[in-house]
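Multiple structures follow.
Heads up, the next two complexes both have subunit A, just with different partners, subunit B and then subunit C.
Presenting the complex of A and B:
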């Protein structure tokens, strides 16, 4: 029973981390910018939705507004930070430092605008439980899993079946060629950033709904997501999502075998071994 | 005597007379401000606690100034951010000690206080710790004063009650993986096993996280009679998630789990609490000043501890001694008893205050005192 409950909880958390991982992967594989401020967008989304919910706006609408707000914030970062730095031919290290700066601004801005306190959504239905027979989950956990899977599915569809998806893949595979063939890499970067930010925000909102929020927790989520991106194979959206879910399940289930203080270390040690054996990642061929 | 010389003499006499009258406006304007430092987590995961602590310090300073200052001198609190991180705190400590030259610093968090304690000894700066409870603080520095009992003293009171009055035989420990949490775990385990109990699970939670589910599930699976909880933040979320775990046992903890109180999910849980009071008019004044609904534990303790520092400074200035850390340390031991409506603090031989401990039980919307263990 304990194993099944930990497994289910791991799967649910994995869907949320998976959403951060695929959105980070999408942005990184297209732009090659290590966008650490993604963790700040994740946080911002949760706080915007919480603010909306506290004003009495129905959760679904507050959620949609927050996702739109986070997408806008991401687009602002892209347009006024990364694009500007790229125009000045900034090195990847400079881009990374700028991203860290943006993260600090976002986190502390959220703490100042809202509060540094741990916040909970005011919707009482989120804690109600649903008995699945083998385990039980809260309504909020159901939403975490459902939104994660739905957003991942939508992203895969967009990537493979739409014109924008094809443009993104073209720019990702050869930005120079995309530039001279008038595919407009900058507008693609902007669109990718907006999509990735919306997905990260959705994850932040759902996790906040389930577990409460704090301005500084996004970094740990991004760390796990980044590991999933690398282990899944950089550029592979499916790889990033699957490995994120696997890591989350592993962290949860490992508790049966070892004390909690060792489970995260053990999981990441396993990752190090894995990356030594298969450095190109799980879902990417050499 | 020429008129000019007469005027000069009159001015000198007047100045001497005015300076000999402590508390006069002229004196206050002529004297430098009394600076006290406060090294608190104003940003980062611990900021909610730090900001409440800051209010407590500022409230004490504001009240002192409204009453005319200390012997006519205005008081100013200089706040530095530690982020509850020892490395950040070291830099902030140096700023306060070397640039601002403060004789006393109010601190927060065990890991931070332990990190700056050797520097305080070397630079002879008094540290006043109103809330951190790690046992290591007992002998960390001769310049450190703990105005709250350490975790071992409080843990002993709640453990006695759990075993002797409630007959709990097995326990699980959920602790925050930081200095105070680890000390709380070790002290509870030692005290519980000494009384014949058995600890069946020890599960850490990381500071700043809000997903307690895996830990709670593992604790419930161990089927203990009681779960001893040592966390300093995320309490409402902890209760909410504990209520979602079937078979989670009754919870218990020390002052640090104070915010676990008064939810349907924590009804029936137990807590020890450092004895303190708050006069309604004082709380009302605090709430008006800061727009809060109540004067929380940290605000009260930091207010009271700042007053300890101010009272010792007053004693020191009254003796005409220089205001520095070394003299202030001696002054605290000379005053020894710091009584107030909030708590009576006594530094009798040691630098850690002895205070009484209440044993409380929560209901869904309040708490009741079941027993009291007086200060030893």
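Presenting the complex of A and C:
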């Protein structure tokens, strides 16, 4: 059953892309900064965890350390780059170019520290297979799906039920009002960046565990994720996640019809048509 | 000596590429990280046609094709604004790289196209860096003259106004659509010119010559030199292309050289955006 296997594989990798998509969406809808360097944070997370695993640290601990490290890196970018630029009243174009610079620094920093070659996690259990009857998945794939769904659920809970979540939504809907009511948009932005970076890193680690890692693959993941964010409707976290999973399933199932190397082009062509016809997205709230 | 000449030729070619990006990013305000893809289209066209038709004809086809493709890629920016277009631009660049690598019957795949004939014009063949420098300098001068005239014309004023306030220009009864399409076409012509010269100068092209890193490199050249001015688009390439030569003086393992260079470009982008967003000789971005 090739179709079912591809479907399951698509659902699994969709959870990882969905995580990048919701974290990007959370940050973008709060700050309105198009944070291209998010792809670099995704890459950084994977490599940090790999380094930890290579030192013989148990995977769970290496993973936690890498997520913390990526959250810190994100906070540094927020505090010393985006906040500074905003203080200087930089235009969105300037912010974007700076973000592109941060992406280049992160990706190539990783390439210099860990070589630009393909790397794989040393943990032997990651390729062990689990038979589900209709399809089989590896232990790593189980972790990809579980971590993606858990992190998405946690984010939704945080956004709806906690004080921080309410503050984030308040700042997102009206930064000026938030400023004068002393909600402190700056500290909210910092928190949002740390959370988003941690989620992107988690996704990067899990995908690295499941497949392999290279310093420059993050851009492609972020492109698919941003397509999902826009098609799902800016500001809708559920929309971003659902469309990301759907896109990933589509890309995988399309393998029956065409070779994988063309799937990026096909997804993207679909997106361009979509954005021209329905620029407000599928799930946008009014 | 020929080392210095090659540097000069490449710098003139990248200056034309920077002018192309300047027209889009600096002048009319369409953000683009896919200029390398357009240059690639020009380079592949000339590489494939160079042995078949005379050099000027191949160049003409490349230039027209690039103008068309550039307008096509810029068209979504008429409907979707700002950040949405960033995604489109990234996508175009990644798709172009995928096409260069995967359409191997036409592009030679990952190994690229080798032995591209040197350009010959009126029975005179530019097969040495000296003679090629003459051709590329003439091309750059023509590109500069075109850019300068365009910016000074009444049309140039409209174009600047569109970047500042599109709605106001529209309300004044000016044709915004036509202005955007025209500037994209001119930008495409410059990119095609740069691509054709690049292919015939190096006699060899492959997909990494036109990937996202190259787009970012050209954007860095533009930003460091200074956006929106003629001088900026020339200072940037001449400065940044000297950087790899400087890095050669430091002992860096060959596998590290590429990442280190791109790391420095990234750091330059950040530093200029923070401390001097107008670049060395540009205007406010």
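Here is the rule we use: the second predicted complex is superposed on the first by the 278 of 286 C-alpha atoms of A that agree within 3 Å, B and C clash if a C-alpha of one lies under 4 Å from a C-alpha of the other, contacts with A are read in each partner's own complex, and residues count from 1 in each chain.
Assume a residue touches a chain if its C-beta (ideal position, glycine included) is under 8 Å from a C-beta of that chain, and two chains touch if they have at least 3 such contacts.
In this text the structure is predicted, and so the values were computed from the model without any measurement.
Novice: Clash or fit: what happens to subunit B and subunit C when subunit A is overlaid?
Specialist: clash
Novice: Which of the two partners, first being subunit B and second being subunit C, lies in contact with A:118: first, second, both, or neither?
Specialist: In the superposition, A:118 touches subunit B alone.
Novice: Which partner does A:34 reach: the first (subunit B), the second (subunit C), both, or neither?
Specialist: In the superposition, A:34 contacts subunit C only.
Novice: Based on the superposed arrangement, let me know which partner A:265 touches: subunit B (first), subunit C (second), both, or neither?
Specialist: A:265 contacts subunit C only, not subunit B.
Novice: Just checking: does A:97 make contact with subunit B only, subunit C only, both, or neither of them? Give me first, second, both or neither.
Specialist: second
Novice: By residue count, is subunit A touched more by subunit B or by subunit C?
Specialist: C
Novice: Contacts for A:108 in the overlay, against subunit B (first) and subunit C (second): which applies, first, second, both or neither?
Specialist: After superposing on A, A:108 lies in contact with both subunit B and subunit C.
Novice: By the touch definition at the top of the document, which applies to A:220: first (subunit B), second (subunit C), both, or neither?
Specialist: Both partners, subunit B and subunit C.
Novice: Go through the superposed model and pick first if A:84 touches only subunit B, second if only subunit C, both, or neither.
Specialist: second
Novice: Superposing on chain A puts subunit C and subunit B in one frame; which of 21-29, 57-65, 111-119 or 183-191 is the clashing stretch?
Specialist: Only one listed stretch clashes with subunit B, namely 111-119.
Novice: Which parts of subunit A are touched by subunit B and by subunit C alike?
Specialist: The overlap between the subunit B and subunit C interfaces on subunit A comprises residues 108, 111, 115-116, 220, 261.
Novice: Over in the complex, which subunit A residues touch subunit B? Could you list them?
Specialist: Of all residues in subunit A, those touching subunit B are 2, 5-6, 9, 13, 108, 111, 115-118, 120, 127, 129, 136, 138, 211-214, 216-217, 220, 251-252, 255-256, 259-261, 263.
Novice: Which positions of subunit A touch subunit C when the two form their complex?
Specialist: The contact residues of subunit A facing subunit C are 28, 34, 36, 81, 84-85, 88, 90-98, 100-105, 107-109, 111-112, 115-116, 215, 219-220, 223, 226-227, 230, 261-262, 264-265, 268-269, 271-272, 275-276, 279.
Novice: List the residues on subunit C that touch subunit A in their complex, please.
Specialist: Subunit C reaches subunit A through residues 25, 29, 31, 33, 76, 79-80, 82-84, 86-88, 90-92, 94-95, 98-99, 101-102, 212-213, 216, 219-220, 223, 255-256, 258-260, 262-263, 265-270, 273-274, 277, 285.
Novice: Which positions of subunit B touch subunit A when the two form their complex?
Specialist: Checking each residue of subunit B against subunit A gives 43-45, 47-48, 51, 177, 202-205, 208-211, 213-215, 217-218, 221, 233-234, 236-237, 240-241, 243-244, 246.
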